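You will see subunit A twice below: alongside subunit B first, and alongside subunit C after that.
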Partner chain A sequence: MIRHLKILEYALSSLVRRKFKNLSIIVVYTLTISVLASILFLTHSLKLEASNILLEAPDVIVQKISAGRHDLIPAEYITKIRDIPGVGTAKPRYWGYYYDALTHSNYTLLGSDSNLTGLSLLKGSMPSDSGQCAIGKGVSDVRLTGIGREMILVDSKNTGVVFTIVGVFSSESSLLTNDLVILEKEDLIKFFGLKAGSATDIAVKVHNENEVQTVAGKIKQLLPDTRPITKSEIIRTYDTVFNWRSGMMLTIFSSALIAFCILAWDKATGISAEEKQEIGILKAIGWDTGDILVLKFWEGIVVSLTSFLLGIIAAFIHVFFLGATILAPVIKGWSVLFPDFRFVPYIDLYQIFVMGFLTIAPYIASTVIPSWKASVTDPENVMRG
Partner chain B sequence: MIKHRFFIGVTLLEVIILSIFFFYSLASVQTRSRDEMPAKRQLVKLLELTDLAIWTEARYTRHPSQADLFTPFQEFPSSLEHFPAGSIIAPLKSAESTTMIFGR
Partner chain C sequence: MILHPGILALIAGSFIVFIMMLYASILGIRIITRWDIRSSSEEQLTLEKKTYLVSSIIKYALGFEIISGLLYIYTVDDIYRLFVGAMCSTGSLNANPVGWYALYTKIIIFFASSIWIALNNIDLKAEDYPLAKPKYIAMIFITLLVGLDLYFLVSYFSGLRPEIITSCCGSLFSESGTGMAADLAALPPKPMIRLFYITALFFIGTALLCLKYKSGFLRYAITFLAVFSFLVSMASIISFISLYIYEMPSHHCPFDVFQKNYHFIGYPLYISLFCWVFFGLLPGIFQPLKRISSLTEEIERSEKKWLSLGIVFTVVFVCIASWPVIFGNLGL
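What follows is the complex of A and B.
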């Protein structure tokens, strides 16, 4: 133990002697770890948040497919779906997209029943009458408007329609409601000029959740021009969006990983003449190969452990306290309306340990192996270079 | 023998900070699951929402789960992508069980 502490003391002195070089390695290493960890924290948090929230999504959404594209679904399909054994309710959903030329942003317009009450994440109320609307925080911010004020939207006949804002969704719900504009159902049908007796899609509730897949199969059999989307598929979508194969992981994660590999490769392909000379001197004054390997092991541990821990701390602060401000523009893309992220700090210790193993171990190996090559060479030759 | 004490001290401090973050995350997840999750689920249930409002730039990025089957990110992982968010979204997994019926 004392031997290791003494070697650690020497390793630290050796690192301090080349402080600028080692400090720059620690800075780069910490940055790489913090980028990797930020992506892992962010995607894991979003994935779990999505799968927890969307548990209450409709069991099956039935879309009509026409010429390979989503089309309006006839209302008579609802009766046919309701007749399938196991189906609880089948309700039409009315929704669509609206491009607001004023702010260059896209809204999602959703028609709701006028009797919806008790939404705790809504300030104000839901539209209960024609000419009223409730909007998401993003829409409210981008239009600089709020409860009691008016919002003009241009309908399918190119006529400006005035809606009075009666409710604004709170920022806590931004992940779900940021771009929403809720209108009264009849208002929405009129606004988009939807054909009478048609809806955007149908939301189906199935009594027994084990029968959802069977019901979806039956719907597809009964109505071949439809596409049933089950709740598990919806949740699986978000699982896929944020998994390691997703573009975000592949682009940022792999660039950070490549940066780390270059760092490790640079270390592994050779040590400086000064370091070689130091090894030669140590061997000449009586250190054996084992001692030098222990010394290099401790040097590797000091740099990699410090960088790893600092990187994880920085990533945690970046994602969970600062709302991933650096990564947000990457995720944002061209979206004008983008929610303010308040990530729930779901931490997967397994991910952290795997990342620790995949970064600390190669770095230590790349520190020890070249030194081992130098330490088994004759000290005189090593000192002479 | 000062440097190694300093290093061990700094490492311990980092571990303590990380432990505090870890316990903070456990508490925070618990609090938000208790306080916010029911309200969010209520919103999803009553408004029959299917997707998160993260990317509003295109139809298939606003509602990835409801998008047409033929969209760049869903059909081909390497097909050309138009919107930046589309390149962030991974292709969907193929359906677990598929039955194909042939008829004349």
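What follows is the complex of A and C.
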């Protein structure tokens, strides 16, 4: 133990003596690690956000499928679903997308009668009367508007409809509400020109969590032209999509890692005459090959851990304080009105573990042969020059 | 399925380890065929230098393998959400049974490489490297194991299909089920508790005797006891330790202990068990090597260390396992 500590002390002093060479490795190593760590942190936060939101989601969403495409669902389906044993509530939801040519962005329009769980963070109030609306932070920013002002949206008959803004969602819930415009239910039906007696889809709550799958099966059997989507299916899909995206990014950036390993190999192989002499002297005064290997091991560990820590800190700042400006567009996906949200700073030990495995392992592997070559140097040869 | 960060790390890491081991094996084969300790030719000198390279490669490889074993458990535990019907690692492993082989291979690699490193350390201390040849032959087998492990990992993760409905620990480790896992779960807890503590006490007693007497029989006995303790402890984890940790009289899963709900208690539990068994195995394995005169002294010196560490890890494991039994809320 003491022997290792002494060798570590020597390793530190010899690293400081060659600071510029080591600094260049540390800089590149840190950069590589921070890119990889940013990807992992970002996807993990997105997964966390998504799963937090989905906790509030209905157990089953029933959509009608017509010719393989999502269609409006007739209201009489609701009573049929309610009659299935185990079903708690079944409510119609009215919503749709709206392209705003003025700001070149898409809004999500939602009828206020629909299930509105988890949307409690409201400044002002929810629309209670015809002609009122509540909007998300993103919409209010992009339209430069706010409570008490008016907003004109163009309906399905191509006529402008004026809505008074009575509420703005605060930014904490922006992932959910950023592009949201909430209208009175009747307003929304009129706005989109929906058929009377039909809804966009049906949100179903099931009393017993274990029965969700069975209920979904029964709905499919009873109403063959529908598609029941369970909450766990959505969660699983999100998980897979985010894993896939981060995996894809990691694979792309692994070329950077390989380039770095080549650099590390090169730096470790090209030991200077001075360094060779140092090893020669160490051996002449009684160090054996094993000791030099331990010395090289500690040097590697110091360089790796320093860069690893710096890289993780850089990634942490990039993702959690700067909002992952560089990576976000790729991982988040495509949308014009994407919420500018701050992730909750959180480090998962597993991520650190994965990072360590992805970066330290290749570094050690690419320096093991060069370190051995250095350690078997013959003192006699070196000192003769 | 392969594009999961943890899976990528595992496969990339195992691939690197395999390449390193392959390189070490090629060097090993050269050492096996050309090794002649009495010669002072340049070739022999180079070979002697190369032994350092091989042993440092293997040390790193083992380090990776240990971490990758933990990472494997954690990853398998992380991806169970993607399968219908899975609630822990058991579900993920059942989703493609090759996963079980990967797990077993990892356990075997852990023991094989740790024993190899102990062997190597002893050998390097002797002046004439008496174990050079057998050591490198053993290394080739470890390389094969590492290759097998990589193959199992790739085929496991690439064969995972999210739409598979898998069965979870509740059905595999159920008292009424069939198969070995179910039989282990059905072992009556009370006699198992007795057997477990008696085995641990017996191990510690034998280890103390080994520290005092030089008898070869005792050394073989302790190795046998280490194997026996491993089996008894695994059976105990399934039969009663898990019950106390989960505080549920019917939940026998040996994998749920790795989850956050149980404070990741599985990691220290299994690590201490593996260390206990490893140090317990060594004295008997090295007993026959004492006949080589240049090794006798070194083995006897190291043996004391192994035995003491074996006792320490036994105590640690028993303490971790007993904690929920004594202080938990469940009473059987």
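The criterion applied here is as follows: the second predicted complex is superposed on the first by the 290 of 385 C-alpha atoms of A that agree within 3 Å, B and C clash if a C-alpha of one lies under 4 Å from a C-alpha of the other, contacts with A are read in each partner's own complex, and residues count from 1 in each chain.
We adopt the following convention: contacts are C-beta pairs under 8 Å (C-beta built on N, C-alpha and C of every residue); 3 or more make two chains touch, one makes a residue touch a chain.
Here the structure is a predicted model, which is why all the values come from computation and not from measurement.
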{"item": "Touched partner set for A:T289, first subunit B, second subunit C, both or neither", "value": "second"}
{"item": "Which superposed partner A:V354 touches (first subunit B, second subunit C, both, neither)", "value": "second"}
{"item": "Partner chain(s) touched by A:L40 [first = subunit B, second = subunit C, both, neither]", "value": "second"}
{"item": "Partner chain in contact with A:V161 - subunit B first, subunit C second, else both or neither", "value": "neither"}
{"item": "Touching partner for A:A203 - first (subunit B), second (subunit C), both, neither", "value": "first"}
{"item": "Partner chain(s) touched by A:A328 [first = subunit B, second = subunit C, both, neither]", "value": "neither"}
{"item": "Touching partner for A:I369 - first (subunit B), second (subunit C), both, neither", "value": "second"}
{"item": "Touch count on subunit A, higher of subunit B and subunit C", "value": "B"}
{"item": "Partner chain(s) touched by A:R236 [first = subunit B, second = subunit C, both, neither]", "value": "both"}
{"item": "Contact residues common to both interfaces of subunit A (with subunit B and with subunit C)", "value": "236, 240, 243, 246-248, 251"}
{"item": "Complex interface listing, subunit B residues touching subunit A", "value": "1, 3-4, 6-7, 10-11, 14-15, 17-18, 21-22, 24-26, 28-29, 32-33, 36-37, 39-57, 59, 61-62, 64-66, 68-70, 73, 83-93, 99"}
{"item": "Contact set on subunit A toward subunit C in their complex", "value": "39-40, 43, 213, 232, 235-236, 239-240, 243-244, 246-248, 250-251, 254, 289-290, 293, 297, 350-351, 353-354, 356-358, 361-362, 364-365, 368-369, 371-372, 375-376"}
{"item": "Subunit A to subunit B touching residues, read off their complex", "value": "5-6, 8-9, 12-13, 16, 46, 50, 52-58, 61, 63, 65, 68-70, 91, 93, 97, 105-108, 110, 112, 116, 118-121, 136, 138, 169, 172-180, 182, 201, 203, 217, 227, 229, 233-234, 236-238, 240-241, 243, 245-248, 251, 302, 305-306, 309-310, 312-313, 316, 320, 330-339, 344-347, 349"}
{"item": "Touch list for subunit C against partner subunit A, complex", "value": "2-10, 12-13, 16-17, 19-20, 49, 52-53, 56-57, 60, 64, 67-68, 70-71, 74, 78, 81-82, 84, 124, 162"}
